[in-house]
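Quick heads-up: structures coming right below.
Both complexes shown next keep chain A, but they swap its partner, so chain B is in the first and chain C is in the second.
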Partner chain A sequence: MNICVLTKQVPDTDSSIRINDLSDDIVLDGLKMIMNPYDEYAVEEAVKTCQSIPGSKSTVMTLGEGSSKSILITSLAMGMDEAVRIEDPGGEEDCYKTAIILSRVLGEMDFDLIFVGKSAFDDNASSVGALVAEFLGVPYVSNVVKFEITGDDSLKIHREKESGADVVCVSLPCVISCEKGLNRPRYPKLMKLMKANKKNIPVRSIDSLGFTDVEINGFEKTKTLGLITPPCRPPGKMLEGEPEEVISELFRELREVVKVV
Partner chain B sequence: MSQRLWTIVFTKDDKISRESLEVISAAKQMGKDIDLTIEAIFAGHKISVEDYRELLHQGIDRVYIIDHKDFRDFNLGAMKELISEMAEKYSPSIILMPANVYGKELAPSLSGMLKTGLLADCIEIRHRDGFLECTRPIYAGRILSKVKLDCDGVKIASIRPHVYPVPETVDEVTTEVEIVQYNGFSGAGAVIREIQETLGGMDISEANIIVSGGKGMKSAENFALLEDLARLLGGAVGASRSAVDEGWRPHHDQVGQTGKVVMPDLYIACGISGAVQHLVGMNRSKCIVAINKDPDAPIMKIADYAIVGDLFEMIPILTEKFRKCRTGG
Partner chain C sequence: MTQKSKFSACSIKSPSIEEVRSSDSPDIIDKYLTDEAGMIKGTAQKVFFPKNEAEVSAVVRWANETGTPLTTSGGGTGLTGSRVPLGGAVISMENMDNIREVPLSDKFLVRRKSLTGEISLCVDGEKRIIITPPGILLSDLYAVLSEKNLFYPPNPTELSASVGGNIAVNTSGGRTFRNGAIREWVKRLRIILPTGELLEINRGEVFADKEGLFHIEYSDGRKADIPIPGYKMPNVKNASGYYSKPGMDLIDLFIGAEGTLGIVTEAEIEVIKWDGGIFGCIAFFPSGEKAIKFVKEARALSRDEGEILDALTLDYFDRNSLNFMRKANPDIPIEAGGAVFFEQFLPEDPDEVLMSWMELMEKFDSLDDWSAMDDKTRERLRVFRHLLPESVHELVRGRGVGKMGMDLAVPDDKLEEIMSIYHTSARQHGFDYLIFGHIGNNNLHMNFLPRNCDEVPDIKAVYMDVARKGIGMGGTISAEHGVGKKTIMENGEEFPYIYMMYGREGLESIARTKLSLDPNAILNRGNIISQEYLMTEVGG
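Coming up: the complex of A and B.
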């Protein structure tokens, strides 16, 4: 079985995210960059699946600038076999563009299964996986929390939704987006990180994929007009003292002032 | 000339889902700025008028009914095929749908199929100078981004649930009903075999009141305290990721970056420190109460009422007060 994982580099979710002076991006200077948290489930599931089926091969891929090599190294240390980085063409970050570039590379490969994370911490659009599936002409299932190979070319998976889960049957090849709960991603061991660090990671340029600049421009369907910080909440009240008194006051406020109950 | 706007309707427990009605609100809001013909697409199996009557009272122009066995459950392949066939015939300008789990599968798939742009998970959508423009949360809600669609052809957007209100219904029915034929999906796709409604209580993202517990609850059993209070208030119980990771609560009750985003009228956070990944899931609640031993916990800085103290002392007193008030004591 040939398995691919699509991943991207994002700021650590603990870091303080600030908007730049032009209000068109965040300040990236000094931010710690990590593998998008949901992608860890994708890598783990790919590694696990490969281990369970002899003769399988796993490839991790990212579209990103040079620094994003580090998440590919992490993936290799977690057990992925191969890694590819596609050089980011710059310009507007747009899901459609990202997906069409990724699917061009995937189209050159022989794959049975593609894992992606449920959503990316930075863009939150949850769209690239579905778009890639569409461009490759294969089925897509999102938010997968349980994954089972039931036959040579079929899967039984659980898609988590607002009120429970759907048990879904789907045939290979397909694209699966991974939700928390699917597995427990392993930590890459230091030894393995050191070994992965030495591995040659091929870089694909946009030119090598046969896209012209005009085409790439045409894939940018959206334009960011500006970023804003969500409005702050007005300061609240701190209530301290005897539990009975404090709760009496809270109870009164909730009923009379807030009128929520 | 009037532009055609479509809203995609999803059902939940055989009823039209609240999110789908909220999308109609978003459409009507947009209709104040430009001349729109608003039409809803309702696909299902063995449909009776009762199933879609609610749509006839939303003051929209038309409802398309598509009755086919492929639409008994959500079927991404069939849905996108149906809508793209219909789009070819009717040339809509805009397609809106809820950004729930199904909508987040359908919207990007359609955008790929129709080779057009998508605004995903919008909290506000508007039409300006001939463009579709939205505000959408990025970085898990820590930043808001204003984005416009810069493409030809039909424009697609998904609308985050529970931001727009459910529209006011109208008594008079002027909505037309049109039946559309669909021949069935032949491609490879994902098919639902079984639906597991694992949700014991209420879906927290639909609750008006949420009582939420964190690591400070110390055990699964102690959540009974919060359940008592939530039951009295007609609310639901939520949890922080730590409480979920401990196995005290199911993942679908988790609030935050890797859980649900909630916007209830009242959010009571008990023994939750307020890590940024939790805050982004609840900081748009109307009123926030935090009960925490530590006055410096980050949740205390954003709470409208920050109660300093032991939750095991405080919660029972609060519950008792509401109980008395309920029973008229």
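Coming up: the complex of A and C.
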């Protein structure tokens, strides 16, 4: 079975995100970048599936600039067989454009199964996986928490919903978006880390994918107009005193100031 | 040139005590009556929340004038009851999280939104210096430093701890093996003395004279001699009692004094700059013996400057610790009898370093490993490491028995001997136990896990016996937690824990130092020595 994982480098969730007021960009200086956390479930599931089916091969792919090589190294160290980076000096923000570029490379490959994280921590768009499935003309199953191969070309999948779970059957090839709870991403092993560090990771350029300029220009469907920092949370108010006094004061505040009761 | 042993304190303008935010609500006070270990529960009538140095001074001055015992509270993560008040008032440093002014220049000022509001400190990446108020929590400090590829040298894993609390106990951490404790990195302190006056000390300026004295002059012209304690400290990683060495630097007297000599209001701390990667790994071995042999060789190679291997961290988990952690981490190999967590700063081309570690792991039959070169995976390793003591605290608290963990450190050549004592003493009595900790410094935490309250007296007896043996090897009873309000029973009499190391004479020596700076013994009563010794000294 040929398995692919699509991954993305995102700012570390612990970083403080600052906006450059002049360029309306995120200030990258001092910002730590990591593999999108949901993609770790995708990598783990790909590695596990590969191990369970002899002769399988796994490839991890990202569209990103040079620094995104580090997340490919991490994926290889976790057990992925191959990695491909599609050079993106600009740092694409448009999901449609990202998906169409990734689909073009995937179209050149003979894949059976594509795993993606359920969403990226930076844009939270949850779009690329679905769009890739659409462009490749294959089924897409989102928010997957359990996964089982039931036959040569079919899968039984549990999807998480607010009201419970869907259990669906899907035929291969398909795209699966991985939700937290699907697995426990493994720690890389030193031996694999060393090999991954030495491995030559091929870099594809967007120019090499055979798009015309007109096509490329038409891909971008969204444009970021501006970035806004969330407003500061107003300071809390500490009520002090005997419980009876505090409770009546609390209700007065809720009624007269916050106006929620 | 004669070194200076005299120094002056100055008075600062402070507001009236009524202007400092405080609370006497029992519900609020209750949060300050215990610490992470839950060993003891204290009492207090009031808690103050100063937000600047002048307010700290106002509170301390008030306490000194009214004779009210005053206990300083940091992050509340201590394990020895050090921040637990025994009556009087608490001064919580949680709102002391904004820098007093910008002592360097505006360009070094860093502001950050924290869970507790906006915090600020100064960070000079080029000179590798931070100037910080005491209430900054390590979670915030690490986030600020990480953006500039700077590192807090000892790297404690308890992120809710505060910088002020760290200085009070001379904190250590995972990277103390290579970087030592925080002491040597602290370059300057501003301290409110028990009189409410301000003392600013730079490292390298004031030293004890030949008689082992410092000489202070207060702002009103009053003078006092401050004797350094007369005991000899063990030559191991140590956080037991006041620092004492002939000709010592004045700043070292305050670091690790568990808040008994003054309250830190600002600290200048050197940090480490590293732009490259960091390798982190937990290697699993078939037996504890093999894991220890791995450590001994890694330690020797790391201390050899000609070798490429240079561990930052060397931490150990015994078989019981791994079994204890397996429920939450089923990937721990079932056959593992010991594991070692290590880290190293990586050069640009890391292959040779990684290969050296690989070869060493293979030499001692490593079964499996969890390795990380990226920050996120390394953070998972840190969380795994930190979860162990947290889970132990939770377990013993749940059983209503309090923490029964040891913090001994012994000299290098006694590592295997003390390890054998830990195992045999617990097994002989059939106690549940586990051992983990900073094996690079021979500072392993032997944790007894009492199954019920009935076991506690027997465990205490074994605990004391093991501690005595550790001291007999030239070790310390506390390498990093401090001694706080821990006590021992000997022939039916209760003594401060440190009595085991320094005897009555040592305790009296500590009391003389304490009273020379805090004649009314108002600050952090019960820490290191009990009030009884201070009263004896006052009386006689």
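FYI, the second predicted complex is superposed on the first by the 231 of 261 C-alpha atoms of A that agree within 3 Å, B and C clash if a C-alpha of one lies under 4 Å from a C-alpha of the other, contacts with A are read in each partner's own complex, and residues count from 1 in each chain.
FYI, a contact is a pair of C-beta atoms (placed from the backbone, for glycine too) under 8 Å apart; a residue touches a chain by one contact, two chains touch by 3 or more.
Model, not experiment: these values are computed from the prediction.
*Asks:* Counting only touches as set out at the top, which of chain B and chain C does A:203 meet: first, second, both, neither?
*Replies:* Neither partner.
*Asks:* Mind telling me which of the two, chain B or chain C, contacts the most residues of chain A?
*Replies:* B
*Asks:* If we overlay the two complexes on their shared chain A, which of chain B and chain C does A:28 touch? Say first, second, both or neither.
*Replies:* neither
*Asks:* Quick one: classify A:251 as touching chain B (first), chain C (second), both or neither.
*Replies:* In the superposition, A:251 contacts chain B only.
*Asks:* Check whether A:14 is in contact with chain B, with chain C, with both or with neither, and answer first, second, both or neither.
*Replies:* both
*Asks:* So, does A:221 touch the first partner chain B, the second partner chain C, both, or neither?
*Replies:* first
*Asks:* Report for A:125: first if it touches chain B alone, second if chain C alone, otherwise both or neither.
*Replies:* After superposing on A, A:125 lies in contact with chain B but is clear of chain C.
*Asks:* Counting only touches as set out at the top, which of chain B and chain C does A:53 meet: first, second, both, neither?
*Replies:* Neither chain B nor chain C is touched by A:53.
*Asks:* Looking at A:240, would you say it contacts chain B, chain C, both, or neither? Reply first, second, both or neither.
*Replies:* After superposing on A, A:240 lies in contact with both chain B and chain C.
*Asks:* After lining up the shared chain so the two structures overlap, which partner does A:186 touch, if you call chain B first and chain C second: first, second, both or neither?
*Replies:* After superposing on A, A:186 lies in contact with chain C but is clear of chain B.
*Asks:* Once the two structures are fitted together, what part of chain A is touched by chain B and by chain C alike?
*Replies:* Common to the two interfaces on chain A: residues 14, 37, 240.
*Asks:* In their complex, what parts of chain C are in touch with chain A?
*Replies:* Listed in rising order, the residues are 23, 25, 28, 112-113, 117, 143, 146-148, 281-283, 330-331, 350-351, 354-355, 357-358, 361, 368-377, 380-381.
*Asks:* Chain B touches which residues of chain A in the complex?
*Replies:* Contact set of chain A toward chain B: 11, 13-14, 17, 19, 26, 37-38, 94-96, 99, 121-131, 133-135, 138-143, 145, 156, 158-171, 174, 180-181, 220-230, 233, 236-240, 243-244, 246-248, 250-251, 253-255, 258, 260-261.
*Asks:* Which bits of chain B are touching chain A when the two form their complex?
*Replies:* Listed in rising order, the residues of chain B that touch chain A are 12-13, 73-74, 76-77, 100-102, 104-105, 107-109, 111-113, 116-121, 133, 136-151, 188-199, 203, 205, 208-209, 233, 251-252, 257-258, 260, 265-266, 276-277, 283-284, 286-289, 295, 300, 302-310, 313-314, 317-318, 321-322, 325.
*Asks:* Give every residue of chain A touching chain C within the complex, in rising order.
*Replies:* 12, 14-16, 30-32, 34-35, 37, 70-71, 73-74, 77, 184, 186-191, 193-194, 197-198, 232, 235, 240-241
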